[in-house]
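Each chain gets a letter, A, B and C, in the order it is written, and its residues are counted from 1.
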Amino acid sequence: MLQLTGATYRYAGYAKAVLHEIDLRLDDGEIVGLVGPNEAGKSTLCLVASGLAPTSIGGDLTGSLTLDGTPAAGLKTHELAERVVVGFQNPNTQRSGIAATVYEEIALGPMNLGLSVAETVARTREALARLRLDHLVTRDPLRLSGGQAQLVAIASLLAMRPRHIILDEPTAQLDPAGTRLVGEALRSLAETGTSLLIAEHKTDLLDGLCSRIVVIDGGRIVVDGPTAAVFDDERLAGLGVEAPARTRLGRALAERGIDPAVVADAVAAASSAADADGPGIAR
Amino acid sequence: MTDTPAVVQTEGLVHVYPEGTRALDGVDLAIRAGERVAIVGQNGSGKTTLVRHFNGLLRPTEGRVLVDGADAAGRRVASLAASVGLAFQDPDRQIFAGKVRNEVGFGPRNLGRTGADLERSIDEALAATGLDGDAQTNPYDLGYSRRKLLALASILAMGTPVVVLDEPTTGQDARGIGRIRTIVDRLTSAGRTVIAISHDMRFVAESFGRVIVMRDGRIVLDGSPAEVFAEPAWPTLASTFLEPPLAARIGARLGLGSTPTDAALVAALEPRRNAGGPRTTAGG
Amino acid sequence: MASRRPEPIDPATTGFGDAAALSAADAAFVAGLAPPAPSAYHRLNPMTKAVAATVESLGAFVIGGYLGPLAIIGLAVLPAAVIAGVAGRLVRISLLLTLPIAISVVLVSVFTRAGTTVLFTVGPFDATLEGVDFAGQTLVRLLAISTAIGLFGLTTESRSFVLDLERRGLSPRFAFVALATLEAVPAMVERASVIASAQRARGLDTEGSVRARLRGVLPLVGPVILSSLTEVEERSLALEVRAFGRPGRRALLWRIADSGAQFAARALMLVALLAAIAMRLTGTFPRLP
């Protein structure tokens, strides 16, 4: 379980805090979505929840982060890495720069953890399979498209088999097929007990994936509750968060006096039909 | 519409990269002034390669590209930039100025704008992208999504008749996407042409009048959103790993014909309102 | 986890741990990740090739004269280059690299070396026989060094060398710095080309007059530096997330084979070099032409 309590964080050299009294809890196997307008503090929250702020980047944190009972404050960055990983938006910065092939790029994390070759290979194979990247194994990581690079970055994190995964806009560069692929992979990961925090704009993705949604604005958590309830909340639009398609359509229909139930089944069927067909192979 | 001049045209365009990849395999395309065109297709379908021919960054291996009716081969990139403004995806691969205002001014200055004319172009671009309050800010003090808007402003300020956007909505929140929609509207109502590469099918369906679907270096579909996202076209879309927006899928499931946007779906459901739904109507 | 003292690595295993647990297909794939080695010389362990290059270069200096360096080039470096199939490239590259230094060496030595036999005079400068001789000896030494090191560079991938060093005990963090530095250039080039395209799309003229191109320096170089600097923090965070800071050894996926014979050869070469140096220092080294 990942528990953030009363977290107020100020970057080093800045006068004002970016996060204020954040309480956040991720249970094992839970997938929590994090939404909010840009510059509300989503990325900072991801850094704090992973312990990198302040352990690696400095700054001032009041409050506490505990990972499965252990306070993060006493851990070194590689000890944090054994428990929680965080993925960033920009796939370029997550490329190590020293791997000649995608396979070796993904294998780096497990290797750095001091695992045996057999274990490293097993985890690499698993990560490749989860994100359907087998056809890219011998490619040069420098020569990938933005979407492919993002998938490789996510796979590189999955290969470490952390207990907690935090992702900051993991599907920003991905097309709908790639987005669904990632959603599927994350869902199956949660089934193994991994807890996930996903900051995203794509509320449709979060709608199908998360059990809980946390809304952040101005560095504070404004809403924290079950997905359906949060997405139906009227306040979201004012916060610059767009409700998922089913909510939007439901509202538009209700406005015209049409019973949303007419489409509710179709929406559910259309969404799951797309899932059943399966996402395409990421090229 | 056919007597409106074509601002950008390609004839039998083929492009083979030095390593041998045949990225474009014979593209014939005519885009007319004032059109809003979205180009979609998976990675490797040739979208990016295609638009790079419009401003001369790439030159044809075979075939020709015409800009403003004349062969682009005779013009340098710096000259074509006055006709076609291409906004790149990664703002950090072009920002070099210490102030937002100076960054935006770079493009128009290169095109020879000066004085009051130049200042006005910059002001308008900043206002359109919501950066007017940050004119004196250092670009790297803006967050990533606002830097993307800065890159867009840098192209808008150039005042080119054709504006090409590469994945304009990635990383934007709802507010940012709204801004981009408004920008597209304003550009086309001023008679300028907008071409966008996007994988956000909803944005495409709602903001563009023409959708070009590419696969393996060729155009496989070319029509309005209603045509391209209609059920008969789905197998072709699937072949390039695309799927229509949710509204289209629901509309098809309910037998309503092609409803590529939420609005179209709602409008198509209107008659049902009177056809004995369980609730009474509240207002019209 | 406290870092352990490095275990002695048995070159015959694929790494420490359950080598046997790896399936044949996986083992073959992973071994195949090593850079291609098209000749017997390429297949030598990087350490062997490095020692050879070092001994050959230093040896050329220690032996002195003309015969020594030329013998090293002709009997050690060139035959190996032929086996490796890089002889032509090696000669071209070495000459290219040595040429600028050679020109300045020759000019300086020929005219300034103290000597008695004057060959010809240019202005106030006398070209002496001793000067020409010195220049000649320096040139052959430079050639020996450039060919020896060039051979190493042409037959050894930097990755292979650095990872082999790590297998021998180099800290993974040093290994990372070395590799990242070596790979930095291609990444920079890639970045610079994207930047150039973006700026050209904004009307920057890269095909015009010299003055126009000079004006383009800041818009082209600026983003390269700025984006690199702004990415540094996120890059280092991303590395820490992948446990790059963890002390202790790593089990590497592939290795370049080493052998007892190569170990002996390296030892022999080093001993020979040390002996030659000792003889030089004690004045017992025979004078050679």
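Everything that follows uses one rule, which is that a residue touches a chain if its C-beta (ideal position, glycine included) is under 8 Å from a C-beta of that chain, and two chains touch if they have at least 3 such contacts.
Please read these numbers as outputs of a predicted model, since none were measured by experiment.
Note on connectivity: the fewest steps through touching chains from chain A to chain C is 1. Distance between Cα centroids is largest for the pairing of chain B with C. Judged by contacting C-beta pairs, the busier of the interfaces B-C and A-B is A-B. Ranked by how close its C-alpha mean sits to the mean of all protein C-alpha atoms, the top chain is A.
Averaged Cα coordinates give chain A a centre that lies 42 Å from the centre of chain C. If you average the CA atoms of chain B and of chain C, the two centres end up 48 Å from each other. Put simply, the C-alpha centre of chain A and that of chain B have 28 angstrom between them. Multi-chain contact residues of chain C, defined as those touching 2 or more other chains: 231.
Shared contact sites, meaning residues of chain A that touch two or more other chains, fall at 90. Within the complex formed with chain C, the chain A residues making contact are 47, 50, 52, 56-57, 76-78, 80-82, 85-88, 90, 92-94, 96-98, 100-101, 103-104, 107-109, 111-121, 125, 142, 156-157, 160. Residues 191, 194-195, 197-208, 218-219, 222-223, 226-227, 230-231 of chain C are the ones touching chain B in the complex. Of all residues in chain B, those touching chain C in their complex are 52, 55, 57, 76-78, 81-82, 85-88, 90, 92-97, 106-107, 110-111, 140, 154-155, 158. Those residues of chain B that touch chain A in the complex are listed here as 42-44, 89, 143-146, 167, 170-177, 199, 201-202, 238, 241-243, 246-247, 249-250, 253-254, 262-263, 265-266, 269-270, 272-273, 277-284. Residues of chain C touching chain A in their complex: 1, 14-19, 21-22, 26, 29-30, 33, 35, 159, 172, 176, 179-180, 183-184, 186-187, 190, 231, 233-253.
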